[in-house]
Each structure stands twice: as C-alpha cells, then as structure tokens.
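Order of writing sets the chain letters: A, B, C and D. Residues in each chain are counted from 1.
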Amino acid sequence: MKLNAEILNEQNRRFIKTHEPEYHFLADKLEKRGVDIKQIIEKVQELQVAIPSWALGAGGTRFGRFSYQGEPASLEDKISDVGLIHALTNTAGAISLHIPWDVPGDVKAIKELAASLGIEFDAVNSNTFQDQPNMKKSYRFGSLCNTDSAVRELAIQHNLEVIDIGKKLGSKSLTVWLADGSNFPGQHNFQEALQNTQDSLQHIYKSMPDDWKLFVEYKPYEPNFYSTVIQDWGTSLMLAEACGDRAYTLIDLGHHLPNTNIEQIVATLMMKGKLGGFHFNDSKYGDDDLTVGSVKPYSLFLIWNELVYGMENNSNNPIPAWMIDASHNIKDPLEDLLQSLEAIQIAYVQALLVDQNGLREAQRQQDVTLSQEILQDAFRTDVRPLIREARLLSNAALEPLLTYRALNLRGQLIKERGSYTVASGL
Amino acid sequence: MKLNAEILNEQNRRFIKTHEPEYHFLADKLEKRGVDIKQIIEKVQELQVAIPSWALGAGGTRFGRFSYQGEPASLEDKISDVGLIHALTNTAGAISLHIPWDVPGDVKAIKELAASLGIEFDAVNSNTFQDQPNMKKSYRFGSLCNTDSAVRELAIQHNLEVIDIGKKLGSKSLTVWLADGSNFPGQHNFQEALQNTQDSLQHIYKSMPDDWKLFVEYKPYEPNFYSTVIQDWGTSLMLAEACGDRAYTLIDLGHHLPNTNIEQIVATLMMKGKLGGFHFNDSKYGDDDLTVGSVKPYSLFLIWNELVYGMENNSNNPIPAWMIDASHNIKDPLEDLLQSLEAIQIAYVQALLVDQNGLREAQRQQDVTLSQEILQDAFRTDVRPLIREARLLSNAALEPLLTYRALNLRGQLIKERGSYTVASGL
Amino acid sequence: MKLNAEILNEQNRRFIKTHEPEYHFLADKLEKRGVDIKQIIEKVQELQVAIPSWALGAGGTRFGRFSYQGEPASLEDKISDVGLIHALTNTAGAISLHIPWDVPGDVKAIKELAASLGIEFDAVNSNTFQDQPNMKKSYRFGSLCNTDSAVRELAIQHNLEVIDIGKKLGSKSLTVWLADGSNFPGQHNFQEALQNTQDSLQHIYKSMPDDWKLFVEYKPYEPNFYSTVIQDWGTSLMLAEACGDRAYTLIDLGHHLPNTNIEQIVATLMMKGKLGGFHFNDSKYGDDDLTVGSVKPYSLFLIWNELVYGMENNSNNPIPAWMIDASHNIKDPLEDLLQSLEAIQIAYVQALLVDQNGLREAQRQQDVTLSQEILQDAFRTDVRPLIREARLLSNAALEPLLTYRALNLRGQLIKERGSYTVASGL
Amino acid sequence: MKLNAEILNEQNRRFIKTHEPEYHFLADKLEKRGVDIKQIIEKVQELQVAIPSWALGAGGTRFGRFSYQGEPASLEDKISDVGLIHALTNTAGAISLHIPWDVPGDVKAIKELAASLGIEFDAVNSNTFQDQPNMKKSYRFGSLCNTDSAVRELAIQHNLEVIDIGKKLGSKSLTVWLADGSNFPGQHNFQEALQNTQDSLQHIYKSMPDDWKLFVEYKPYEPNFYSTVIQDWGTSLMLAEACGDRAYTLIDLGHHLPNTNIEQIVATLMMKGKLGGFHFNDSKYGDDDLTVGSVKPYSLFLIWNELVYGMENNSNNPIPAWMIDASHNIKDPLEDLLQSLEAIQIAYVQALLVDQNGLREAQRQQDVTLSQEILQDAFRTDVRPLIREARLLSNAALEPLLTYRALNLRGQLIKERGSYTVASGL
C-alpha cells in the first residue's frame, strides 16, 4: 500500500482553513522577536528519524504479548510500513534493520522498494542476546564478554555478517547493544568481562569499512539484573575510545538509572565529540519503551536543547543518528510511531526557539530566574502550527494521525495481510 | 511597601497591545471547540494558593545557606511580602504560618494588616522537628511517636498552642508534618511508634474546634534516613481514619519515592473523600523543594487533571487547601514564588481544557492513542493568554515577574530592611 | 524420581563429622546466653515454604529465554520436582498452582502423588494477564478493572474456576495478582478502574468457601508501565477491607519502588491483622525475581525480624502463607530453589536469635547504638549449623545443594524427561 | 584524655575467656580449608582508615541539628578523639582535615600530638561550598566552575592554601569535593561549567608537590538539585585524566543514584589504575551518611571483594586512601565511628576469605550457582573472632564499644569539655 500526494492533499483540505491563520499568527509573533521562521521550518523538514524494523509489530513483556492485526510479516512489509509513516510525516526517511530478523532476500528489490518510498538504510543492529536455531554455542552467559572464546568468536562473526548485509544495503554504521551482564554477585569477573568486551569490539571495529561508524550502546540493567558489562556512558565512552575515532557512544533515553540527568550526559559527550547515536522513547520506571514524549515531555525538550546546542557549537561531533526505539504493546504500532515523531518534532522546534544569546547572557549574569524563564518560554509555546506548515510544504499530511485514521490504513493493511500475522522479531 | 492599582495599570499598559490579540485569538479558537472561556477565567480568578511564611526567605541545605538581601525579619514583613505577590498575581490570597517561627505579637494589628492586603490565614503548621531554646525535653528521638510519654505530651501541647494561635487569626485547619522516624534499623519499634503517633494525633484531633480540619502529611525519608513513621499515603490515610471525619491526608509533591505515580494517589484519595491538603513544589531527586513546574511540568498537569476531575466528581471530598512548599536557595524568594504561581495556574488551566467527555468516551472505547492525544492536546496549548486575561480582570499584573523587576521591588525591600536581615525560620 | 532416607543418610555421612562439632560449639555458645536452641530448631522444622509451579522451569525476559534441560512438562513432573526439594530440605512441603497452566487431569492421582511426597496444596493463583487460546474477549486492556463488563465477567468466572480447582485439591486460599494497569497517561480513568476492581474482587470474595482466604497482591509497575490499579499496599489494604475479614494483603518483595522500607510495611500490616501472604525473592532494580537473599540479605533479615515480631505479638494476624516467587533464567531451577530456601532459613533463624527483650529495653532507653548492635549481632552470627541440625533431625540433607549435585539429580531428570522439554507456564 | 595499654588490658581480661575458644575454633576450621589466618590477621592490623575531623561532632540536616555533649571544640580535641578511637581499635591511625574548619595554629605542637597518638595526616579537604566571613566573592553560584573568573580564582587559591597546610602537616594528597552544580534547568551551560572546572583543576594539579595525589570526588546531586558538574565516575575520570597521572577518582559510597552497581565501578576504575580515594558510609535513600554497614552490609562486602581483587591484581592502581565519611545525627559520634570501623573490618575479612581460585574456576565454568555459593559462604562466616584477635595482638580493645562504655569515656569528655561545646564544621 502506498500513499500518493493526491490522497494527502485531499485530506489536508479538511484542515487547511484552521491551519493557516494559526500558522500566520504564530509566525508573525515569533518573527517580531527576531526568530527566523523559514530556517526553523527547513530544519524540521531536514530532520529524519530512523524507524527500527521491530517497532512495526506489537512488542510484549515477559508476561505475554497481545498481537496486533495486519502486522508486517516480511522485510518488504516493514519497509512499506515505514513508507506510509514517511509519506504522512516526511520525518521517517530511514529504516534501521535488525539481523537476523531482517536478512534481506533479494537485495536489489529491497533497495528499489526503499528508494521508491524515500527510505534510506540507517545503522544496522546485531543481535547476540537471543540464541538462534541450530547455534553451536549459546549466548546464555554473554556474547562479546563471554569467558568462552568460542562464544566470543561466534558473536564477533555475527557482527561481521551484519556489517556485510549493511554494506549491501547502503548502511554506514553498526549499532552494538549488548545484553551481556550477570544476574548474581559472583557470576562475573567484572574486569575480565570488560576486557573481553573491549577486545571483541576492537576486532569488530577493525573489520568495519573505513567510512563506517560504530555505535556502542549502554544500559544499566535488563535482561540481566545484577550487572551489565556496559552499564553507563562512562563505560561506553571508555570502550569507544579504545576502539578509535569512528567509534561513538549511543544514548538510548530509557537506559538510565532513576533520576539520571540525561541532558548533561548529552552535553558532555558532544563536547568530547563522541555522541554518535540517539534512540528516542519514554519511560516512567526503567526501559519502558513508551511512546516518545508521553511521560516526560519537558525532559525531552531539555535533551533537545543540549542536542541543538551541541550541533551548533561542537563541530567535532557528527550529527547523531536518530532512531525511535519504542515498543508498542497496546497501541497500533503505526499510530504510536506517528505520536512519537510528533513529540520529537515538537521538542526539537521548542529547542530551536530557545533564545540562545539571551540564555548565555542570563547564565553569565547568574540570573537563575531569567534563565529558567527563557527555557520555559520556548517550551510553553505551542509550536504545532510550525510543524504542520513544514509538513504541508513537504507534501505530507497536516494531521498525520487523523489522516491515518480517516484513510483507514490499518483496515487496508489487515485486508492485505490478514488479522493474525506476527511481525518477525521480539 | 504596598502596590496599588495605578502602579500596576501603568505597568500593564506596556503589555496590553501584545496581550489583547493573543488572548482573542486563543479565546476564539477554544470557543469554537465549545470551551467556556468565561468560566475558565473565573476559576483562575478564584484559585488562591497559600504562601507559607518560611518561603519568603532564602532556604538552605545542610551544607550551608546563602542568604538573600531584604529578607523579611518579622511576621509583619512576611505578610507584607505575600501582599506584594498577591497584588501582582491575585493568586496568593493566603498565608500559612509556622509556629514557633511566626507567633504573632499584636494579633489585632496582624489581622488588620492581612485584611488590608486581601490575605487570609490558611492552615497553621506545628514544628516538632527542632528543639526550641529552654525546652525541657528534646525531639531528638521523635515527638508524637516518642517512647517517652513526657516528650509526646510536650509535642501534643505544642500542637494545641498552635491551634490556639490559629483560632485567634481565623485559621480553620492544622497541618501536622512529622519528622519522626529513625536513622538505623533497630532504633524504632515500628508498631509502637505508629501506635504512639495515632494516640497523639487522636488527642490533638479531639482538641480541635468543631469546624477545623486536621491534615496529616506523609514523607518517606528526611530528616530521618532509615524510616519515617508516616512514610506514605497509606499510613497517613490509616491515621486520618483513626482520628475522624475531619482528618485528611495531605499530599506534598516532593514526599515520594522515585517514580511514584502521584496522580493516581490523588485520584484514590479524592474518591475516598480524604484529600485535604496539597503542597506544591518540584523535584528531580527527592524533597528538593524546587520551583513548581521547573522540572516536571507534565507531571504537574497530570496531577491537576486528577484534581480537576475530583473537584467535579467527588463531592464527598473538600476543596483541598493549596499551598506552595518550596525553598529558595539561590533565587530571589519572591521571584521564585511568582514563577511557582504561574506554573500552578498554567497546569490548572491546561487541566480545565481537557475534553472530559471525549476522554471518557475514548477510555471506554479503549482507544489508548486518542486518550493520550486528548491529554496532550490540552497540555500543548499555550494557555498563558488566558491567565493574563484573568489577572487583568482582577486588576493584577499582566506580567508579574517583569513588573516586579521593572518596579525594582527587591531594591525597595533592601532599602527598607537592609541587606543582611535573615528571615526567621529554617 | 524419588529420594529415600537411605540415600540421604549416605550422603549425610560425608558431612556429619564437620557438622557435629560446629553445631555443638554454636549451640553451647548460644545456650549460655539463654537461647532456647531446641525451640529454634523446632521452628525451623515447622517452617514450610510453598514452591510455585512456574518456578520449576526456566523463566525468561522479554528479550528471550534460555531453556533448561530436564524441565517438568506436566503437573505430575512439577509435584515430583517439589518432592525432591522437600526431601532434601524438609522446607518445601507445599506447592502453589497456577491456573490455567496447572489444571489437574486426574485429581485423585495428583493428590495421592503429592501426599506421598509430603506436599500440600497452598494458595491457588489465577491468571488474567495473558489471553488463552479461543478466548472470546481479551485481557489486553485489563481484567477485573476493564471498562467492558463482559471482560470483567470473564475474569471473575476464571477466578471462580480456580477456586473450584483449589477446592478439589485441598487449597484454602486464592491469590489474585493483577497485571491491570495502563501504559499511558489518559488511558485509564483511575477512579473507575479502582471501583471496577473492587466490585470484581468483592464478587470473587463472596464466592469463596467460608474457610478460604483471599490474598490481594500489589505491584507498582510491570507489565504496565504508567500505572497499576493496585499499585501499593495502601490500595491493596483498602480493597481487602472492602472485601471482608478473610481478605488480606499479600507482599511480594520485588513489588516495590526503589528504596521502599518494606519491613515497616510488614509491621504495619501485621499490626492491622492484614498480612496474609508473603512472596520471597530478591532484586536490585525492580521485580527482578532473583534468588532469595542473593542481593540484599540484610534487608531479608530485617523483614524476618518484623515477621517474627508480628507472629509473636499480633495474634489477630494469621501466619502468612509463605511462597518463593523467583524466576530462574540462567541457573538450574532446582538449585536456585535450594539456595532460596537456605537463605530464607538463615534469615529466619537470625531473626529468632534477636534478643527481643534487650532490644525493647534499648529502644525505650533510646540507645540507638545498642539497638543496632543487637540486630547486627544476630545477623552476624553464622547460623548454618542450626539449620543443618534441623534438617538432620528431619531426615533431610545436611547439605542439600551438594547432595543434589553428588546424586546428579539433574542428570537423572534429563534422562527421564529429555533435554528439550519446556515447562508449561511463562 | 589518653588510653594506655594497661587500662585496655584490664578491660580485655573480661572478654578473653570467651574470645580464645571462639578464635581457635574458627581458625582451625579455616586453616583446614587452606586459609592463611596469620596473613589475614596481619592485613587487618595494617588496614588504617582515616577519620575526617567533621565526623567527631554531631552532624545535622537542613531541618536542624541536635548537638552532642562533650564535642571537640578545637583541632587538638579532634586529634585526641581520633587517638581514643585508634587506641581502642588500632584501625584509625589517620585524620583527614577540612580547611578552613581545621586550620592548625601551632603546627609543631599539632604534629607532636598526632605522632604521640599514632595518628598520621591523610588527605586534606578543601571547602568551596560555604562562604566564609569577609569573603569578597560568593560561592553561591559555584566555585571552580563559576562563570565569573574571579570566583574561580578565589576557589583555586583556597585549594592552594589547603595544599600548603597539608604540606606542613605531612599530608600527601588533596581531596576536592565540589558542590558546584545547578538547581534549575537553564541555570548552567553544562559545557562551559565542565570546561571551567577542568581548567581550574588542572591549575590546582600543577600546583601540587610532585609526590602528591589529587582525588576528584563525584556526586549526582545535593546540595544542588538539578545538576552537579561532576555528576558521576565517568566525569570524574575524564577530569582526572585531563589533569595527569597523579589525579584519581574518589568514590564516596553515598554518592550514587538509586540501584547503582558500585562494585562494578570499583572494578573498572582499579583496572584503569584510577581509583585513588574511598569514602565509607551507608545509606538507604541518597547521601544519608549513615554508619558504615548499618543498612547494606552485603553491598559493602561485594565492594570489598572488588577492592581486595584489585589490590591483588591491579598493580597499576595505588592502594586507595580510606576514609569514613559519615555524619552522626543521633548517636555519640565516637560510638558511631567504632561501629563503622567494625563493619569495615568485617567486610574486609570476609572479602579476604573469598576462595579466589575457586571463584575464578566457577566463573570460567559458568557455574552461576557455585559462584554465588562461594561469595555467600565467605559473607556468612562470622569473622568477628579474627578481628578481635588482630586487635588483641595490637594491644587494642577486644571489644571497643563495650570498653568505651565501660570506661565511661564520653562522661570523661563531657567533664573535660563541658556539655555544650559545638564542634567546628558543619
């Protein structure tokens, strides 16, 4: 199923009369304050967030999974789903594959399909947290950290295969998230586990093409519940530095202990030129993988504020690879992604509205009240008209979610795919 | 120092041209959706939040205190400060006294001063967490829970004196926050401590006038670091029920363990008719006592959403007594309170904008996506024009903080009071 | 497979020479202080902890599951596994069934098998957190709390069937753990969800036999990540009180927010006569379901200290129903249970060693240092010889884990059952 | 007041009859397993933990302070107090001064006093979190991170003065704990604050004598409640590396977010050769500064397990500078320190008892059950007889706390110093 401009234009006609005055009123107001509206809209149009293949089906918990109807059953289906989201939002122009769930059959056809939908192949993801059928060794006790060199070798080879697949599709980076860790005190020799992991990552790094980046993800716990080998950004940075210039830390918003000041970590890593990847989601308790912005939108804004600052001031840091890493247990996965993209855009535009010069001046004057006012003024602004305008100018949907529902896209997917498909993956 | 309408009008003239079109644009838009703007503005005008006397001076931490200039040195000064805030905002029409820091000398004069500023006397607060000079017994090991009946008696008598002072001033409720707890396993017999506390509270409750309410505050830790006698809402509710119909639980936003779902506690207590008092502040780590809305504004909105729902649907629950319980370490305390009041009003109006009928219908349809959309649509709305309009109609300041600064009110207070005054209290 | 006394005696012979002097040295030392060793040993012999049927196979996480060899594939197998543990420890004389995973076929045969192994049927557990094949309605959006009365009815009927099965087997209590909750703000109307849950529980309660108890479990989050209907002990107690005298709160150690003082909750509930069930496990981050005592053994001791105190002083509270609720991802499940039982016994005996009179006196003297010393003296005592002696006197194994390994019991189970069985359940 | 060997011997006579058989029984048992008891006892005798001068008086919270009688009012008094503890335990052979609270008057006399008591001068601590009388600039908005270079300069100069004082007394290291941070989003430019701090620390580092070490402490929050410049070990390590080879990270147990795996941080830093200082205390909620081992003794053991491992295997890492950093609100400070020292020794000896070879073998076999057993076997051993023996051989007290009480040392201090002295410091 594919959306064309005509269908979207017709839908947009329903909203255009409300949109136009709202947009102009806001644009006028902001321009009076010296905001360059055109530039902001261009930045919104440029922001592209990768959709991971596993986010297109219903996720689950250890207590069970409630499947969703019309889930994509093949890589082609998944790319097609991302295509729908991208057509609606002009913000999802990339897909992030997970191997071995998404091994492409006909590479050429897959690439053509993606290209036809404006979808690029972002970072590829390896999986060494599950055993696959017919594996000779098990990841039960870890992969790159394993005390058994044969298991480490297996995990390294898997990563090299992932790179190979990525090369064929046009990816330029590898994301390594390790479940490696321990459930009980005594299970791991921490130093050996860390050394093994470093050695393994160095091996993988050296095998990457020269124009690839390696993203090292960290997480404090789950699926191991006493220790994780790469438990925090400090460990990730240490490993990235041990690998080389093109190895970076990847931040996943949900991978932090309670109350962590994540925006400060963003600032530190960008200052060091080492923030390579960024996974969006939201959470209240842990790695809840909820819709972006659904629980802590101000925190998302504060993080974007540091990202925007870093992109303007830290030329040594690459533009991070953006991805949504959420899991959709009870919502239609596509609706959930539309909500996530909207939340990302809102926080991004709010951050772009921050009066950076005023803020620096207030900070230097140690005017705490005013510094807070400047941030909150940007956050309290209802920026949705700007985002709608950016979508309009990109021939996307003024109201992606309403349009998705009005066109009964899920209904069409069910018709095409049936009610009881199950997405490959978790 | 006192602000009159003329001064404020003059200040408002600076902002009125910007305000009017913003207000009308927003009001039109909302009215088209069926929102009763007049009613919302009236509700904003009616909302009065008590200022506790201790919030008017700089707070501190155990690592030190940086005092602020021009702090109020007497109860009269404190009332006068609240008068300033109330004149600017029309939202701070009450003061909450803390005994023994605020024992009034000339009761009649104090009452006249407050009345002249439109200030009422809200709940009175007892203090059994500090020893006072010349006390015969110490609260070192607790007050209402103490194993020594003489200490319990001392603490009970103190509360009765606080009630007496409150009666003279026109208060109608007593807030009991207990620091009682233990620092080490074994220090307390939990059951005895709880029983003693219940007995003491029942004694105090019985001694209150018939038209008074008792608010029982809870807190999981600090200043005791292993256990607190009233550690959570469940314990507070148990004690309130053991006292009687006019005893209620009081929620202080900062008094919760990490990740607690506070809005659900609000809903449960209002359903039971037992939410009596509400203390506003914000925090990232614990009882940080930061400016309201400065860290988690969406959480504040979700809490207001439950408060609004409860006020509409739970006629068995009284309107909670609102108070700001923040501590101002590095900002001008009055500026901090102005920011807190603004944040409270914003969240309140956003909650009033929630489409309650649409939300109930979406919930019944189990349409999770739409339920979230409805809440977030209200939260994303920039409601500041409505709040400004409400202030304008009340002859308060369109822009309280800017007006406070433009009039150099802190400079005038320093002139009056000197640079090195120290507010009584913590 | 079944262990007989002869086999165990033979094994015990290996350890008896080390055991006897250690036991006598410790017994002498304690008796000199006035400890009644005989009574302690009897209490150890009496303590029986139920094993839930699902703990006998390998658990998993949402990221995958590593199965264990020789897992029990039927209810008979599960009872047989508990029989092994009970023979080794004389502490696991009960099994707790989970319906629909453990629906008995031939009830009479099942009862005879259990009786032959000394196993009783403890609380039965309902499951409304997973959909079962061919269900007409789904629990996706909750069960007893659901806005759809047909789903509530389905969940109530399921609980009644569970009671029916329990009646046939000789169980005397029903444990209700609800996954009911929400993943996003707005999804639930908190008050309606709580009211529906209360109504449903009352219905179930009324349908129980007169000599049954209802245990209402609470949990702050997971598998829902924004709210849980029964989020804490306060809510559980409220519901239990709304049901009636034979409804109680059930504490699961892993179901608390970070830093919660659980021992104080134990004390409060026992004082109210409302602690009915107790689930043991351990955790570092959340509901990690780790081996009991593997992460926080002192916390376990402090909790046992309150349990012992309550059992001695709160005659209005029944003896709680003890159960292990752990999940074994990477260990042999039977080894894990043996370690859990050992940890429970150690903490229990340490708590029995607390000098209660000395402690009360120190508390009344407000001698904090001494109070701490008394607790820590008990905890620092190596009580393992007492536990070994209790096992010896019960014809169980002096060293259950070593014996389990020496007899290669897992090897025998694999021989019997094969390598690739999968336990029914999660 | 000074304790001599005769007094202690007399006291020891009361306990020797109980001690000897307990010691021999345990020593025999352990020696049979191949434990080198003599070596363990020597290690216990060698372990010396510095007492910070501020721990000798009662601490407080922001809610007040309950002073203790007979507190030390001068540096001489403080050294004398440490001398008492050291005489009782032979474990407190060092004091850690805090400037400006402890500026020595007569340096020669102070050094002689300390030498006569066997006390050395450990790391000196600077204080830039409080303003001192007559300061020209304020630390209200930070010290080494301040946007105002004049404040940074003031803070740097203060640290240089602290080094100067340390040099005179024989210290060889400087500990920098910074309260620097922010209370509100927007207050700090994170990158500038970090850069300023790094520049300032480099300046201080370069000014240290060539044989000194710099310890950089980290803390996630308090006294600032939104951000701390050196929020975690990763930031501290980054700064230490930017300073040079003799700059190290310092771990304070209380300075971590909820649930942090601290033992893993210990392992990582020792592997990198960068763990320089170690502050002991205990906590349940945050930086509670409770008696060591009073809340989480198993966690303390696991940390010591990594420290012992690192000291044996990481020759690139110096022996960390040990210090107790607790605050005594309600106990006699000297009793509290005696309990802390005992807890440190117990955990240290338990860690020394870990069968390292067996553990490594079990880890390599991926025998999780056995790895846990090995650690827990060491922890469950009652090692107090070994510690008593070590004290006995050092002419210290078999039972320090009981001896302290039997000799009524606090009573004597009150007699000497009076009831109402207040220790200088916090």
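As a convention for this text, a contact is a pair of C-beta atoms (placed from the backbone, for glycine too) under 8 Å apart; a residue touches a chain by one contact, two chains touch by 3 or more.
A quick map from chain label to UniProt name: A, B, C, D = Sugar isomerase.
It should be emphasised that the depicted structure is a prediction, and the values quoted were computed from it without experimental measurement.
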item: Of A-C and A-B, pair with higher C-beta contact tally; value: A-C
item: Whole-Å separation of chain centres (CA-atom averages), subunit B (Sugar isomerase) against subunit C (Sugar isomerase); value: 43
item: Rounded Å distance, subunit A (Sugar isomerase) centre to subunit C (Sugar isomerase) centre (Cα mean); value: 40
item: Sequence positions of subunit C (Sugar isomerase) contacting 2 or more other chains; value: 140-141, 183-185, 187, 220-221, 226, 258-259, 261, 284-285, 291, 294-295, 298, 330-331, 368, 372
item: Arrangement of touching chains [line / ring / star / complete / other]; value: complete
item: Residues of subunit C (Sugar isomerase) touching subunit A (Sugar isomerase) in the complex; value: 59-64, 66, 129-131, 138, 140-141, 179, 183-185, 187, 220-223, 225-226, 258, 283-286, 288-291, 294-295, 329-331, 426
item: Of subunit B (Sugar isomerase), residues touching subunit A (Sugar isomerase) in the complex; value: 21-22, 25, 29, 258-259, 261, 284-285, 291, 293-299, 330-332, 335-336, 339, 346, 368-369, 372-373, 376, 379-382, 384, 401
item: In the complex, subunit C (Sugar isomerase) residues that touch subunit B (Sugar isomerase); value: 140-141, 147-148, 182-192, 194-195, 220-221, 226-227, 231-235, 237-238, 257-261, 263-264, 267-268, 270-272, 298, 302, 306, 309, 313-314, 359-360, 362-364, 366, 368, 371-372, 374-375
